[in-house]
Amino acid sequence: MSIRIFITGGTFDKEYNELNGSLYFKDTHLSDLLEMGRNRVSVEIRTLMMVDSLEMSDEDRDLIVHQCRNCEEDKIVITHGTDTMEITAQILGKENINKTIILTGAMIPIKFGSSDGLFNLGSALAFAQALPKGVYVAMNGRCFNWNNVRKNKLTGVFEELQ
Amino acid sequence: MSIRIFITGGTFDKEYNELNGSLYFKDTHLSDLLEMGRNRVSVEIRTLMMVDSLEMSDEDRDLIVHQCRNCEEDKIVITHGTDTMEITAQILGKENINKTIILTGAMIPIKFGSSDGLFNLGSALAFAQALPKGVYVAMNGRCFNWNNVRKNKLTGVFEELQ
Amino acid sequence: MSIRIFITGGTFDKEYNELNGSLYFKDTHLSDLLEMGRNRVSVEIRTLMMVDSLEMSDEDRDLIVHQCRNCEEDKIVITHGTDTMEITAQILGKENINKTIILTGAMIPIKFGSSDGLFNLGSALAFAQALPKGVYVAMNGRCFNWNNVRKNKLTGVFEELQ
Amino acid sequence: MSIRIFITGGTFDKEYNELNGSLYFKDTHLSDLLEMGRNRVSVEIRTLMMVDSLEMSDEDRDLIVHQCRNCEEDKIVITHGTDTMEITAQILGKENINKTIILTGAMIPIKFGSSDGLFNLGSALAFAQALPKGVYVAMNGRCFNWNNVRKNKLTGVFEELQ
C-alpha cells in the first residue's frame, strides 16, 4: 500500500519573493524532491495547509489528526515546520492512532540550495516503512518518539528531553 | 553505538575534471552530505576503496566482507556503485554476518547538483537504525533484501527479481 | 591595472538564518562567485558596508563617493541593493568622477541557488573593462546610464526612464 | 536590435547520462541560463550544432562563418567548446566580418552546479554590446582579440599568446 504524505508548510516549502525580499509560501516542492531522489515508493500526497508552524492553530492540528485517522493508508509522513513539530507530535501521539506516523521538516528551505530537506525526506520515508505503529519525529538523521523530543532553540538540533 | 559507514566509490563520489572533461574520483563527499543533512547520528566513516563498481574485483569484495565482519559496529552503511551493487549484496548476504548492513548509492554524482545521493543517504541511515539484522539494498526510497533485488539496466531503477 | 570592487550589501549577500528563519548579512560571497566564474581579471575587493539598500544613509553614500574618488583604480564595480541603486548612481553621476563606475546587484541572494548574481557580476566586470568613463547600472544583462534608469517596482526589472 | 546567439555545443551544454555514466549532449541550457540571469537583452538564439569542439570539422566552421556573415544582427555571441575556441576565433577573425563577434564557453557543464557558464554568458553579452566590431574570446572575465589568445592546456585558463 502507498505511504500517505501530508504537507503542512514550514521552512521546507518557503520561497524567496524577489520583489520585496520576504519569505513566503507558494507551492510545495515535495514532488520535485521525490523526483530528485528518484523515489519509487508509492506515495499519495495531499496539502492540508501551508503555514509557518509558529502560526499553526488548534483547529489546524485538529485537521491533521482527523486526516491521519481517516486516510486509508497506515503509513504517514507529515512535513511540518520545525518550531512546533514536537507539539503536533504530542497531540498525535496521545490520540493512539494505530498507524506509523512520521513528522519531518527542514532547517533550510529546499529552494535555497543546500537544504537538509532531501536528506530528511529520505529518512522519513524509510522510517515510515520500517518502524512499528507509533508517532515519531525524524530530524537530523535520527528518529524520536513523540513523547521524548524537543528542538533545541539555541542549536536548531532535535534531541531527547533528557 | 555509532553507525559504521564504508565508502567504496561509485557514481556517488564522481567528479568532473575540467581540464580534460572526464569523470574521476578525488575525495569522498560523504562528510559534506552529512553536514548538508544536519546529520546528528553518530557515524564512523572509512574509505575502503574509490572505484567504479564495474571495476570492483573479487579481492575488493573480500575486503568489504572482512571489514563488515570485523568492525565493532553492528549497523553498517556501504556507499557503492549501482551497476554491481546487487553482486556485493549477494556476497555479503551469504556470509551470514550478524549485523544490519545497508548498501546504497546514487544515479547522479553528488557534485552535479540535483543528486539522489542525499535522499538515499538519509534513507540508508534510517533503515540501518530501524531494520533487523540482514543485508539490504536501499535505493529509490525503497529497501530490498539482498536475495531479491536487481538494477533494471534500461530504466536505472532498482526492483525485485520477479 | 586592477578593477576595484566595492561591496555595500544588498540582496546579493543575504543569507538565511536557520535558527530564526530571517534573512541577514554575514560575509560577502563575492570571492566565491569570482572563483566559481574562474575569474582571472585582477581585482581589489573592499567591503564598505553591509546593508539593505533601503537603509542606506546619506553618510553611507558619502562614503561610497569618497572611496570611488580616492581609490587608485579607474575602473570600479559596486555591488549594491537593487531598491535604491538608481539613487546612488545619480549621486555618483553628478560628482563627475573621471572613472568607469558600474553598479550591479541581484534579485535573488547568491546563497539561494539560482541567483542572477553570477550573471550580473560577469556582465558588470565586462562593462567596467569596455565602457568609457561614466557611471552606469548593469542589471538584466543591460547597461544603463546613471541618469536614465529605474527599477520597475512591479516587475523587478531595470528599465530606461521613458 | 537583438543580439544573435549561436550555439555549437561544448562543455557548456554537456549532461550526465545516469544510465551509463557518460557525458552527452541533449538540449541547450541557454534559455535556462538567460532566465536565471533575469536577462532582458533582446536575443535571437539558434543552435547550429551540438558537438564537442575537439570534433568540430572544417565544414562545421564554414557553417559558423556563413551564419555569422548572413544573419541580420551585427552583435553575435557564440557558445563553443573551449578546447578549440581559439581556432574558430582565428578563422572568423580572418574573414573580416563587419560585426562584433564574441566566442565564449564553460569549463564546467551548466548542469553540474557551480558552473562558470553563467558568469561567462553575462560577460559575453556585455562585451557584445560594448565593444567595437571585431572577433573576441570572452573567458575568465577577460576579453581577448582573436589573434592573441590561447587556452593554457595545463591550467585551463585563457591567456595572451605572449
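To keep things simple, chains are lettered A, B, C and D as they appear, and every chain counts its residues starting from 1.
We adopt the following convention: contacts are C-beta pairs under 8 Å (C-beta built on N, C-alpha and C of every residue); 3 or more make two chains touch, one makes a residue touch a chain.
Fair warning: this is a prediction, and the values are worked out from it, not measured in the lab.
Engineer: If we define chain centres by averaging CA atoms, which chain lands farthest from chain C? Would you check?
Structural biologist: Measuring from the centre of chain C, the most distant chain centre belongs to B.
Engineer: Suppose each chain is reduced to the average of its Cα coordinates; what separation in Å results between chain A and chain C?
Structural biologist: Their C-alpha centroids are separated by 39 Å.
Engineer: Report, in whole Å, the distance between the mean C-alpha point of chain C and the mean C-alpha point of chain D.
Structural biologist: 26
Engineer: Cα centroid separation between chain A and chain D, in whole Å?
Structural biologist: Taking the mean C-alpha position of each chain, the two centres sit 45 Å apart.
Engineer: Give the residues of chain C that touch two or more other chains, as numbers and ranges in rising order.
Structural biologist: 107, 156, in rising order.
Engineer: Touch graph across the chains, line, ring, star, complete or other?
Structural biologist: Its topology is that of a ring.
Engineer: Write out all the pairs of touching chains, ordered by chain label.
Structural biologist: Here the touching chain pairs work out to A-B, A-C, B-D, C-D.
Engineer: Spell out the residues on chain C that touch chain D in their complex, using ranges where they run on.
Structural biologist: Listed in rising order, the residues of chain C that touch chain D are 33-34, 36-41, 107, 114-116, 118-127, 129-131, 138-143, 156-158.
Engineer: Any idea which chain A residues touch chain C in the complex?
Structural biologist: Residues of chain A touching chain C: 11, 14, 16, 18-19, 21, 23, 52, 107-109, 111-113, 153-154, 156.
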